[in-house]
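Both complexes below contain chain A, partnered by chain B and then by chain C.
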Partner chain A sequence: MVLPTSVEEASRLLPTAEGGASAKLLAGGQDLLTELKEHLVEPDTLVNLKSVPGLDTIEWNEAGELTIGALVTLTDLEEEAGVVEKLPILSEAAASIASAQIRSVGTVGGNLNQRPRCWYYRAEHAPCLKKGGSECYAFEGRNKYNAILGGGPSYIVHPSDLAPALVALGAKVTLKSHSTSRQLLLEDFYTLPSDGDILTETRLKPDEVLTHVHIPKQRAGMRSTYLKFKERASYDFALSSVALCLWLDQGQITRTRIVLGGVAPKPWRTVKGEQAILGKRVDARTIEMAREACLDGAVTLSENGFKIPLTKGLLTRAFQKLA
Partner chain B sequence: MTIDNSMQISFELNGSMRRARVEPHERLIDLLRDVLGETGTKEGCGEGECGACTVLVEGRAVNSCLFPAPEVEGLRVVTIEGLCGEGLQLSPVQAAFLEGGATQCGFCTPGMVVSTVALLGENPAPSASDIRNALTGNLCRCTGYVQIVEAIQSAAAKLSAGGEA
Partner chain C sequence: MATTPSPQDKVAWEPRDEMTVLNKDARRLDGPVKVTGRAVYPHDVRLPNMVYARLLVHPAPRSKLTRVDVEPARQVPGVVYAEVLKSGGEEVLYQGDDAVLAVVAAETPEAAEDGVRAVVVELEELWPPMVTPEQALADDSPKITENGNVVVAGTRGDQAEVEATLGRCDAVVEASYSLPVQHHACLETHGCVVDFDGEKATTYPSTQMVTGSTGMFARELGISRSDVRVLTPYMGGGFGAKFGIGKEGAVASEVAKALMRPVHLMLTRPQEFLMAGNRSGSKQVMKGGATKDGVFQALYVEADKHGGMGRGSLPTPPYIYDVASNASTIRQVHTATDANRAMRAPGHPQASFAMESMVDELSYAIGMDPVEFRKKNLSSEVYHRQLDRVAKEIGWAEHEHRTEPGKVDGNVRVGIGFGVSTWGSGGRPGCKCEVRIEADGSIRSSVGTQDLGTGSRTYVASIVAEEFGLELSQVEARIGDSDLPPSVGSGGSVTTGSLAPAVKDAAHNARVALCDKVAPVLECDPDELTWQGGKVYPTGEPDRALTWKEACATVGSDPLVAMGEFQPHLHQGRVHGAQAAKISVDTLTGEIKVLKMVTIQDQGIPLIRSALRSQINGGMVQALSYGLLEQRVHDADLGYMLTANLEDYKIAGVQEIPEMVAIIDDDDTRQTVCGMAEATCIPGHAAIANALYNACGVRIRDLPLSADRVVTELAKRI
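The block that comes next holds the complex of A and B.
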C-alpha cells in the first residue's frame, strides 16, 4: 500500500493508458475490498487516496454552488445540513445506499466509480464480457437484475444511487492526473458498453483521479426526490430508481430533469420524457405521457420485463410526491 | 510518500491505548481477533453484508471485515468488549438484549449491540422504524428481529431515564 500526499503523486502511481503498474486507487474500500476478495482485480499496489489532504470536505460557496470532495463519506453527505434542506434528492439518494456500516466508510468518489453488481461479473470464474471475455452471459442467462435500456453488448446496470441524483442536478466532476485537470458533466462521465471500452463504465483515464463533484446553484423553486425500489426492504441495490427534479409555475411544469437508475448501464437521463411534459400540469395524463416517453425504447430480456411497470410506478409516485 | 510493508500503529481500543504491527492489507477484524485476542467481534460473511463484525470507529458503526487495520492509527475503536462496565457489568443495551430474549444462537448479537449503541448515540429515542432502518446492515437468521427491536426500545427508554449506552 502506498500513501501519496497529493493527487499528482497518486496519479503517477497509477497505470497509464499504455499499461504499466497494476495499481488501484483505494478510498473507503467498500467496493474495492470485495473485488479483491473475489479476485476480480489483483493489483500489485493499492494507492490509498485517504492520505491526500483536502478531499474530504463539503463546501457551499457564496454563489450557492456546492463542491463535494471525493473522500466525503456517504453518511456525511446524507446528513449535511444544506444538502438536507436544499437538495433532498441527494440526501435521499445517499440515505438509500447500503447499510449504516457501509455509509460510514464508503465515499462519494467510490460510489460514483463502483463496478457492476451483475452476478456473472462478480462470479470469480465466469469470464464475462466485462472481464475481457467474449460473451455477456446475462443476455441469454439469468438476467432479472439486468438492463432494459441502453444494453448491448453488455447488459449490466450501473449500481450507483448518487449518480442518477447528481445527473439530475446537472453535476460536474473534476478529473485530475499528474499533468492534466478537466471537468466533465457527470452525465457525460458515464459510458454505454456500445460506446467503446467494455471494461469500464466511465471516461476516467487510467491515471486520472476523480477529485471533486460540483453541483451548480439550482433555479429557485426546485422540488426534488429520489425514489428507489429494492428487492428486499432492508438494504439492497436498486431494481429501479427515479431521480426527479421539478419546477412548477402556477401548476405548470417549467423545467424538469428525469434520470432513471438500476435499469441501464449508466444513469439514464430521459430528455425525451422531460420534453414531453414541459408546459403541462402534473395530472394523470401528463404522468402517463412521462411514463411512456421515459421508457421509450426499452427492450426486456427473458427475466426483467417487470422493470418496465416497476419504473413506471416509481415515476408516478415521484410526480405525485412533488406536485 | 511512504512505501510500507508492515507498519507500527497505535490506537485506542476500548479505552486503552494499544500498539500493534500490521500488514497493509490486514483487516481490522483480524487485528482485533487474532492479534489482540478480542474475539467478541464475529466474522460472518466477510463481505459487508451481515454486520456480525460491526465495531465503532470514532463512534460510527463500521464493518471491521471491510476496514483496513492500518487506518485505525490514532483513532478510537470500541468493540463489544468495551461496552461492559466495571467487573464485566453489562451495559444497558446488553442487559436489554438479555432481558428481552433478543438473542438466539448469539452470533449476530455483538454486531447488533454495537450498531444499537451507534444508533442511540445519534438518536436517543428511535421509533421502531428508525431501529429497523439503523439495523438493516445487521442480519439475524434466528430471531425474526421482533425481540431485537423491542429490546432496543426498552434500552432507549431506560437510557433516557439516565445512563450511558
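The block that comes next holds the complex of A and C.
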C-alpha cells in the first residue's frame, strides 16, 4: 500500500492505458476489499487516497453550487445540513445505501465507481464477460437481479444509489490524472456494455482519479425524492429505484428529471418519460404515461420480469410523494 | 424457597409460585463476557506454536479429477503442510465434503489461504451438475446415489378412499407448495482447534455435543476416549448442524498428528454454505377438502424432500391437524449437493407451511374464520386456548376482513395470519451433574453440557440457587468441558428435559447432605430445615438462622460433593404453540412489512422466563427470515451455488424485525420441565404467508415470499 499526498502522485502510481503497474485506488474500501477477498482483482499495489488532502469536504459556494469531495463518507453526505434541506433526493439516496457501518466508511467516489454485484461476476470461477470471458451467464442463467433496460451483451445493473440521484441533479464529475483534468456530466461518465469496453462501467481512464462531484444550483421550486426498493430492508442493493426531481407551477409539471436505478447497466435517465409528462398535472393519467414511457423498451429475462411492475409501482409512489 | 421437604422425599420441583429464582427473568451468567468480547469461542482459540489450516473445496458438484498437485502450495512462504485429500483418478460425487480436495496448514491464516490457492487442480466437470430437483427427476439423468435419484420414503392411506371423500366435500383445494433449502447460517462457522501431543489431545470444537465429541476425536487421532478433552465453553450457534466433528474435524486431527502442533481449522463462510449441512427443501402437492360445517375431511399429499445427498425431513401428513381420511406418499429426491442435517425442528417448518396454507385456503373457501376452522380441526384443547390468546393479542376480532381477503387496490393493505406448532421434545438419561460446596461458602454446579445460546449455562446454576434459597450470582456454573460429568448432546430440544432433572437431582442430594451437617449445629431434625434468603433455620424459627457461609462452615476441610442424574419424573415431553402475524403489503410494489408477530408456547415449568422469551423471539425471527428472504440459488448449468455468502444468502436484519410478543403459556401447569426452542420456528412463515393472503388475496405457495413473486402476482390483479 502506498500513501500518496497528491492526486498527481496517486495517478502516477496507477496503470496507464497501455498497461503498467497493477495498482488499484483505495478509498473506503467497501467495494474494493470484497473484490480483493473474492480474488476478482489482485493488484500488486493499493494506492490509498486517504492520504491525499482536500478530497473530504462538502462545499457550497455563493452561487449555490455544491462540490463534494470523493472521500466524503456516505454518512457525512447523508447528514450534511444543506443537502438535507435542499437536496432531499441526495440525502435519501445516501441513507438508503447498505448499513450504517458501511456508510460511515464508504465514500462518494467509491460508491460511484463500484463494480457489479451480479452473481456471476462475483463468482470467481465463472469467467463472465465482465471478467474478460466470453459469456454473460446471467442472460440464460439466474437473472433475477439483472438488467431489463440497456442490457446486452452484459446484463449487469449498476449498483450505485448515489448515481441515479446525482444524474437527476445534473451533476458533473472531475477526473484528474497526473497530466490532465476534465469534467464530465455524470450521465456521460457511465457506459453501457454495448458502448465498447465491457470490462468497465465508466469512462474513467486507468490513470484518472475521480476527485469531485459538482452539483449545479437547482432551479427554484424543485421537489425531489429517491425511492429505493430493497429486498432486505436492513441492507441491500436496489432491486429497482427511482430518482425523481419535479418542478411544478400551479400544479403543472414545468420540468422533471427521472432516473432509474437497479434496472440497467448504468443510471437510466428516461428523457422520454420526462418529455411525456411536461405541462401535465400530476394525476393518475399523467403518472400512467410516465410509467409507460419510462419502461419503454424494457426487455426482460427469465427471472427479472417483476422489475417492470415493481419500477412502475415505485414511479407511482414517487410522484404521489412529490405531488 | 420457603420450606424444605423431607430429604427422604422423592426429588420434585417446587410449586411455581414459591420459586424465588426459577420461573423468573434472569440475566444470563455469560452475558457480560459475551457482550464485552471476553468469551473465547473456538474461532478465538490461540495456542502457542499453533498453525492455521484451510481446506480446498472445489465449487462444482460433480467431476473427474485428473490431477491435484500440492507441491506449489508447499513453496508458499509460511506453509508448513500441504496434502492431497482426493487425488487424480478419483471422482467428486457431490458438492460438499466430497469435494474437499486438499488441506494446507501454515503459520498464518493468510499463508494457508495463499497455499490453498496455489494447489493445482485439473479436472473434468461432469454435466449435468445435478443440483436441481428437475435435473434429478429428468428421465435420462445420471444416478447420483446407489438407490437412484428418487427413493420412496413412505406411503400410507388409501388414495381411492381419500378421493371418494373429497368428492363429498363442499370445497376442494388442489395446490403445490414448495420451500427452498435453508441454511443454518451459524454466526460461527464449523471447525475446531486440535492440540495433540502424540498421547493426549485437547480439542476446541464449535459443537453442540461436548461429551460425545471425545469419541469422534479419539477415533481420528487413534487414541482412547479418556485421552481426549473437549473444551467448548462458548460456541457460536448450532441449530442442529454441529453434532459431529465433520470432515473438518477429521482433517484437523490428521494435520495435528502429522505436525504435532496445535491446528486451527475453521471453515470459511462459503465452505459453511457448501458443506456444513442445511434444512432440506420440499415440494408438497396437496389435495384437501372440507365441508361447510368446517370439518377438514380429506387430504391427499405427494411430497418430495430435497435433502441433497441426505434423506431430507418431513413429518407424515396431515401433520398436526385431524383429517380422518388421508393418504400420502413421500419421496426423497436426491441432488448432488450437501446432505441435509438436523435443523431446528427438522421437517416441521416445511410441513407447517404446506399444511397451514392448505388449512387457510380451505377456511376461506368455505367462508369460515380461519381461527375457528383451525380449532374445529385440532383436537387438543391446548391449541384452542393458544389460538384464542394469539388472536386476541394480534387484534383479530377488530380486524375488518376475517373470512375474505382484502383487495388489491394500489394501497397498502393489512392482513393477519395464523399457524400452530408441536414438538415432541423429551428427555433421556445421560446427564450427570456435580454440585460441590466448600467450607468458605462457594458453591458450583458442573456438567459437561453446552450452551448453544439457549441459557442452559444459567439454569445449571439457578436450579441449585433455588434449592438453597440463594441468589443466582452466588452459584458458579461450569459447563463446556468433557472432563466434567457427562451430558447429552443438544438435539431434539432434549437438553432441558435431560439436563435440568440431573441438576435438580444433584442440588437435592447436596441439600440433603448439607442438612445432615447443619442439623446438629441448629439442634434440629435434618428434614426440618428451611433454606431461604441466603439463610438456613429450623422451620418456623427464622431467628435461629445461620447464614449461608456459617452453614457451609460445617462442611469441613473436604468439599461436600453431591452427584445427580436424570430423573424421568422431573420432565415431560410434548409442547404446543400458536403464532399470529400481522403484515402490511404495498399492493403497488409488493413491499411486505411484518408489523407484529405473536407466539404463545407451553413447556411446563419456565426455568428462566427471559431465556424462554428469547428462544421464542429467535424462533419468530428465524421463521420470518425463511419466509421472506432466505433462498439458496444454484446455477443449473455450471452447478455453482451462487449464494454461498451472507450478502447473497439473505437473512433478516434489524429492519425486518417486527414488534414481537412472546407469551409463556402459564396455563400449562405441568410440574415438569421440557425444551421448547424448536417449536418456536415452525409456523411463523406460514402465518406470514397466510397474512399476505388475508391482506390482499395473493396466495404465494412457494417460499420465500420475495418481492419478485409478490409484485408479479399483484400486477396480475390490478
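By our rule, the second predicted complex is superposed on the first by the 323 of 323 C-alpha atoms of A that agree within 3 Å, B and C clash if a C-alpha of one lies under 4 Å from a C-alpha of the other, contacts with A are read in each partner's own complex, and residues count from 1 in each chain.
Please note the rule applied: a residue touches a chain if its C-beta (ideal position, glycine included) is under 8 Å from a C-beta of that chain, and two chains touch if they have at least 3 such contacts.
Here the structure is a predicted model, which means the values were calculated and not measured.
Shared-chain residue A:141: touches chain C; no touch with chain B.
In the superposition on chain A, the chain among chain B and chain C reaching more residues of chain A is C.
By the document's definition of touching, neither partner reaches A:184: not chain B, not chain C.
Judged by the touch definition given at the top, the superposed model places A:306 against chain C, while chain B stays out of reach. In the superposition on chain A, contact is made by A:33 with chain B only, not with chain C. Look at A:46: by the touch rule set out above, it reaches chain B but stays clear of chain C. In the superposition on chain A, A:102 makes contact with chain B only, while chain C stays out of contact range. Shared-chain residue A:84: touches no atom of chain B or chain C. Once the two complexes are laid over each other on the shared chain, residue contacts for A:9 go to chain B alone; chain C is not touched. Using the contact criterion defined above for the overlaid structures, shared-chain residue A:248 touches neither chain B nor chain C, since it reaches no partner. Shared interface residues of chain A, touching chain B in one complex and chain C in the other, are 99, 234-235. By the touch criterion given at the top, residues 39, 99, 119-120, 122-123, 125-126, 137, 140-142, 144, 229, 231-236, 239, 303-306, 308-310, 312-314, 316-317 of chain A touch chain C in their complex. Residues 1-4, 24-25, 46-48, 51, 54, 57, 60-63, 66-68, 70-71, 115, 118-119, 132, 134, 136-138 of chain B are the ones touching chain A in the complex. Residue ranges of chain C in contact with chain A, taken from their complex: 59-60, 117, 410, 586, 588-591, 629, 633, 635-638, 640, 642-643, 648, 650-656, 706-709, 711-712, 714-715. Remark: chain A residues 1-5, 9, 26, 29-30, 33-34, 37, 46, 48, 50, 75, 98-102, 104-105, 234-235 touch chain B in the complex.
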